[in-house]
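Here the chain labels run A, B, C and D in written order, and each chain numbers its own residues starting at 1.
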Amino acid sequence: MEKKSELIENLMKGKMKLREIEKCTDNDSNEATKIRREFLEKKYGMKLENIGKSIINFNDANNRNIENPIGATQLPLGFAGELKINGNHAKGKYPILLATTEGRLVAGMARGIKLFNIIDGITTTIIKDGMARAPVVKVKSARDAVKLINWIHSKEAFEFFKDEFYKSAKYAKLKEVKAYTAGIYVHIRFKSSTGAAMGMNMITIASRKAIDAMITKVKKELGLEVTFISTTGNLCADKKPAYIDILEGRGVSVISEGIIPKKILKEMFRVTPEMVAELCRVKCLQGSALAGSHGFNAHIANVLAAIYIAHGQDPAQIVEGSQVITDAVVVDGDLYVSCFLPALEVGTYGGGTKRETQQEALRLLGLYGEGDDEGKTRLAFAEVVAAACLASETNLLAIQAAGELAFTHGTLKRG
Amino acid sequence: MEKKSELIENLMKGKMKLREIEKCTDNDSNEATKIRREFLEKKYGMKLENIGKSIINFNDANNRNIENPIGATQLPLGFAGELKINGNHAKGKYPILLATTEGRLVAGMARGIKLFNIIDGITTTIIKDGMARAPVVKVKSARDAVKLINWIHSKEAFEFFKDEFYKSAKYAKLKEVKAYTAGIYVHIRFKSSTGAAMGMNMITIASRKAIDAMITKVKKELGLEVTFISTTGNLCADKKPAYIDILEGRGVSVISEGIIPKKILKEMFRVTPEMVAELCRVKCLQGSALAGSHGFNAHIANVLAAIYIAHGQDPAQIVEGSQVITDAVVVDGDLYVSCFLPALEVGTYGGGTKRETQQEALRLLGLYGEGDDEGKTRLAFAEVVAAACLASETNLLAIQAAGELAFTHGTLKRG
Amino acid sequence: MEKKSELIENLMKGKMKLREIEKCTDNDSNEATKIRREFLEKKYGMKLENIGKSIINFNDANNRNIENPIGATQLPLGFAGELKINGNHAKGKYPILLATTEGRLVAGMARGIKLFNIIDGITTTIIKDGMARAPVVKVKSARDAVKLINWIHSKEAFEFFKDEFYKSAKYAKLKEVKAYTAGIYVHIRFKSSTGAAMGMNMITIASRKAIDAMITKVKKELGLEVTFISTTGNLCADKKPAYIDILEGRGVSVISEGIIPKKILKEMFRVTPEMVAELCRVKCLQGSALAGSHGFNAHIANVLAAIYIAHGQDPAQIVEGSQVITDAVVVDGDLYVSCFLPALEVGTYGGGTKRETQQEALRLLGLYGEGDDEGKTRLAFAEVVAAACLASETNLLAIQAAGELAFTHGTLKRG
Amino acid sequence: MEKKSELIENLMKGKMKLREIEKCTDNDSNEATKIRREFLEKKYGMKLENIGKSIINFNDANNRNIENPIGATQLPLGFAGELKINGNHAKGKYPILLATTEGRLVAGMARGIKLFNIIDGITTTIIKDGMARAPVVKVKSARDAVKLINWIHSKEAFEFFKDEFYKSAKYAKLKEVKAYTAGIYVHIRFKSSTGAAMGMNMITIASRKAIDAMITKVKKELGLEVTFISTTGNLCADKKPAYIDILEGRGVSVISEGIIPKKILKEMFRVTPEMVAELCRVKCLQGSALAGSHGFNAHIANVLAAIYIAHGQDPAQIVEGSQVITDAVVVDGDLYVSCFLPALEVGTYGGGTKRETQQEALRLLGLYGEGDDEGKTRLAFAEVVAAACLASETNLLAIQAAGELAFTHGTLKRG
């Protein structure tokens, strides 16, 4: 190995690329991490000592989670308590961990958990499951597009796609293939369960291969000229707010619910069911309608961000994941609350769940997905997320109905 | 101080609350963090040693960033290179750090940076600036609502609101107050610059106080009965995808752009400007239109998530922040690319920027906002974000136009 | 019969209701029409002589199209020429009639027709067909909602729904039943073809009856308590712009297309394919994206309004019908244009097609649907509409690309 | 004049164009109308006798409302009763006429009118007024776009635009000029009141001229190269559902409201305020949210279509006009109802109001706009429309809450 100082010198002079360091460290990425960091320290004349205190083993991580690592970002991790859940897969008490720098988020969750544990927990129900990827192809005419679509929607095509899909995606179960067009482009949306993994990579590869095979087949059998355009044409829709994800679902579609007796609501929050229902209506429904919003809720994105980061999920997927309808209505004098989450794209194996701290959080839940080919841990984890969302939403709505956003969001804490 | 083991025992038995530990540690939150973690370890019979290796000083953090801390979540931090930016406030080369577990994100950014550095960087321009908060009140009739709105839109009211606003928000500059109604509820959207801070808390408090004062005033002077309903009625719109943020802006509205010569595009990506423009059209525009999406881009949420987390921003705000229009058109035979980002709610002081590793990242950019009352570092940081988005988007679109999503998103790396 | 003057006197004095006149005219609605009109004339001291010159036979119409008639509104009807169409059902030349008061609309259509007839017409292709109605019911919990949804999506349920549906709807063919929930309400979207009729009434009755039967059945067999809430909960979605209609279709989903040689475009409009494609991109895609619009086209609503009114369609259904994606791209140097119309809710029998002038227009097309149980005339008429839309859109985009909106929209005609 | 039969022969043989007939009839368009119709009759071997019974004087109409007329389409016109309105401009009782072929629409309106007259009418309030047109231009860079936008938003520019605007639009009052960009295109939205006219043509011409003048000015004074692209880039947004129209308003923004005592609701509809409020919530808010709709109401498009057609308005503008929020909430035990209509683009002079039957309807209201330079009749008419909408919506929601959509929509009338 060259001497560290020489490598740093080479980086300073631009003689070497950042990603070439590993070649000089016998592929020791931890060592390379240190070198890149020291280069930055030297170049900018400042210490990165906190970033340097990473416990991440980049020798394992390099091929999967990041390139050119220089250390780690640390986010405070808080424990909001154990939430009782009566789900299809999640059954019992689950410790809720949140990684966040948003003051009062953990405290608000803790209050929500306390509330629901009093009434014996939150009920969660899976509606459907299936990660989606939608490559786009080009044809000669809209008439050809419709011909292609009709074939894609045939039973024969579905069997064909399954065969092709499973060649690369062994834990996948293809659920649906739907095609859309607006002219000479055809978007083909594959939807598949993905074992314990969130599955984006799995079905990206599988759908790409299925499309390649389809192009050959329809050329030969139907005489259709089809050109591959892109692995995705935004009808997936990944990491974008989109109605297709609300209507069709993406990842796990799940709903969480509970009934808060009037008396308990009064004692804990000094509000009536009617006050919370009115606020939910004017804010989550009418306010969002006026704003042109896809998010009919109070602050789901906060909860998703904190719980996704803590458990190694992809934080960019809170964009579509937070397209949630939170409901609060008066039923027989008590408060019925629910969260409908159409697109929780979560995984309990692979991706960020490999990382040291994130995996510990998943293991604490008892939901690390190693060996779970059927993805039951993934479904259970989606239920935990959905339940946590409801706990936090209910608390925030009740707090706001009492006129005190500040209490939860930390604005008064300085007073 | 009670003995640690006793405290843990009390937690196990439910005799003590998680948030009460600090009381028994002379408010030493670092010590309390350890106790809560050990309680969890004992209860679940597993070690949380990686979560425990936090370098965060919770004695400083407790009141601001989190409650009930038990340690930290660590995310890999990668260095994608230095990006040249010609902005209104950001001028020169900026090191781009990304905290992510998404393989190939840093590599793709690095390629985008390389591309733009060849052509002398990315131009960024600030369109507008102003964080928004929209409390909601209730009146007796829609006619009263319109009376109230007309007053709110008067010059007199604006002066009044400024006075009230500045009582609590000393770094704020109130830009606009706009009111909306759909019946007996009136939503009042305050928009204000916020110094170096992202400013959500600042303007939440200030707008709440302004509303309280308004209620008294309009009762007395206009005879209007106004009831406070909530500090927010979702017209802000915070952490939700919403057209009001696209049309009105929220936080910093900024645009980044560049022209890629045909020749360079060919050499680096084996594609023509026409191919990239076609893909951008079918995907970012038509595909998103078909999908019912607010996100007319390739993968902005990925970039925002990684750069927000690395620099102590609120990751939940990528929801509205990623409502971005990425454009790629052929101009004089070359490829013109741009990203319009209407809602970058960022800050360089306060909030998550206080955290150890995040602050180092901001300091490396030279944009930690301590002492920056005018918020120039905040605007410069928004430009860095916008430039990084364009670098990554251009790379991804070019890669996809070449038929190789896999190359960037890691699907082929296993092959 | 009482004397006319007495009846009018009674109306003046409020002793009689408007809808009671028929009782005094031996159910002669034409006579009653005259009386109501004369009452208005007397009361307001003005003549309604033009409204009075109606040729409508209200004795036939009364039970179907209107109550309390007083005459007719007359709209100018123009003939834009015969358009050649190569459709799935529409084959040959069709006379295009437009009822409008929008100057230059007929002229623009005429130019579009001329353009497409030169290149041998417009190709139209049916994508799918099915009118939708979505009643909403209430259950005890979201868990019950999911149970109900799972049953609704079963094969058994589909057979059950078909049986119930066909009891009242003899020309219907049930295509799909899809259920949605966001808590304790379940929306059940029935989709069915409807013979020659537009079919709203037909499937409203049929789906109401199917729901009533379902409520009894699931109570007995699954123990589910389901309460009927409303015949529609806005997931149909009728007469509202809604993404569910774009993604799922409503009525006829059809696409029209053509390729305009560069030379012809130049001669007729003095523009290049590139100019039209650029305008379509910046306007129909990017402009609409920025505006938060569901309408990715130039002026489809104009065409639909004029053609719907002329042929006895429901003009309120242009709201969802105009959610159209118009595309114009350069292909091999020429201009490819298309209109994707996901929701043309048209009929050739029943409703407004009974009216004298409207029926003549349909008969002129050879598409009056009497006796057409399979609805082929309806599909053909949808293709005529789609083709007319493309003719008009192409003309307008070409005109605008040439910088002359005024030319088509009449702004210069005064010069 | 050539003999009619010769002209028809020439048309049959394609020797003559449809629009050339007037040249052979000494510009007698009524005569030309007859000839074109007879040509069609001959060609298609059928009589168009009803279409022929037009009372429209095309000699007056030809230059304004239509080209190539062949007669008229007649729609049944019904009288639903006189509705009491307490508006800003509409004060007193107004006869509500509807042109429709939708059975039970008039009957439902009549019931709504009866309901509101019992409680002394509907209150309407104007929120704002201003027709909008948004031309689009192209610049060299986004940085230039922002420069241009900053200038456009200056006071100087507003004065400049007013001067240019008023050169052609003498009844206009320019209210606002707002610019938007997403790259190198800039959309400039002019908003102006328009006297008694709906004003689309007026401000199309005026904004086109203002843009032309701007291009010259900013070239000279700011050195900005600006190219005109189109008179509209869809940010107007005309005849498309779009959030910009909801948030910014277009035409008249108006709100109608009333409070229905519990007792009256019970007597007339056999429902409670709570039942109607629940239905409105689940349907107009939650249902529309789930459907991805911009229309948060029951059936506004029906009412707009019928009232627009009867009074010479542009029926295509019901698309954006029907983006209405209907609200129904329980207040002090009674039912508060309101309709917020952000975009009623109506006129009482010019356009379709010139037509014989339509003008009679406007005159009956006392709101024909001849000589009304300030547009008070237009504002009053918008209030009549808004009040009629509320009457019909309230009736339909109450009917549906009682489980009887059929009663209003005619589905049971056959039973």
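Everything below uses one rule, namely that contacts are C-beta pairs under 8 Å (C-beta built on N, C-alpha and C of every residue); 3 or more make two chains touch, one makes a residue touch a chain.
Quick caveat, the model's predicted, so the values are computed rather than measured.
Student: So if I look at the partners of chain C and the partners of chain D, which chains show up in both lists?
Tutor: Touches both chain C and chain D: A, B.
Student: Which chain has its C-alpha centre farthest away from the C-alpha centre of chain D?
Tutor: Of all chains, A has its centre farthest from that of chain D.
Student: Taking each chain's centre as the mean of its CA atoms, how far is chain A from chain D in angstrom?
Tutor: Inter-chain centre distance comes to 43 Å.
Student: Determine the centre-to-centre distance between chain B and chain D, using the mean Cα coordinates as centres, and give it in whole Å.
Tutor: Once rounded, the distance between the two centres reads 40 Å.
Student: Where in chain B do residues touch two or more other chains at once?
Tutor: 180, 182-183, 243-244, 246-247, 278, 286, 288-290, 292, 325, 327, 329 - these are the residues of chain B that touch more than one other chain.
Student: Which part of chain C faces chain A closely enough to touch in the complex?
Tutor: 123, 125-127, 141-143, 145-146, 149, 180-184, 243-244, 247-248, 255-257, 292, 325, 327, 329, 331, 336, 338, 340
Student: Mind listing the chain D positions that touch chain A in their complex?
Tutor: For chain D paired with chain A, touching residues are 243, 246-247, 278, 281, 285-286, 288-290, 292, 296, 325, 327, 329.
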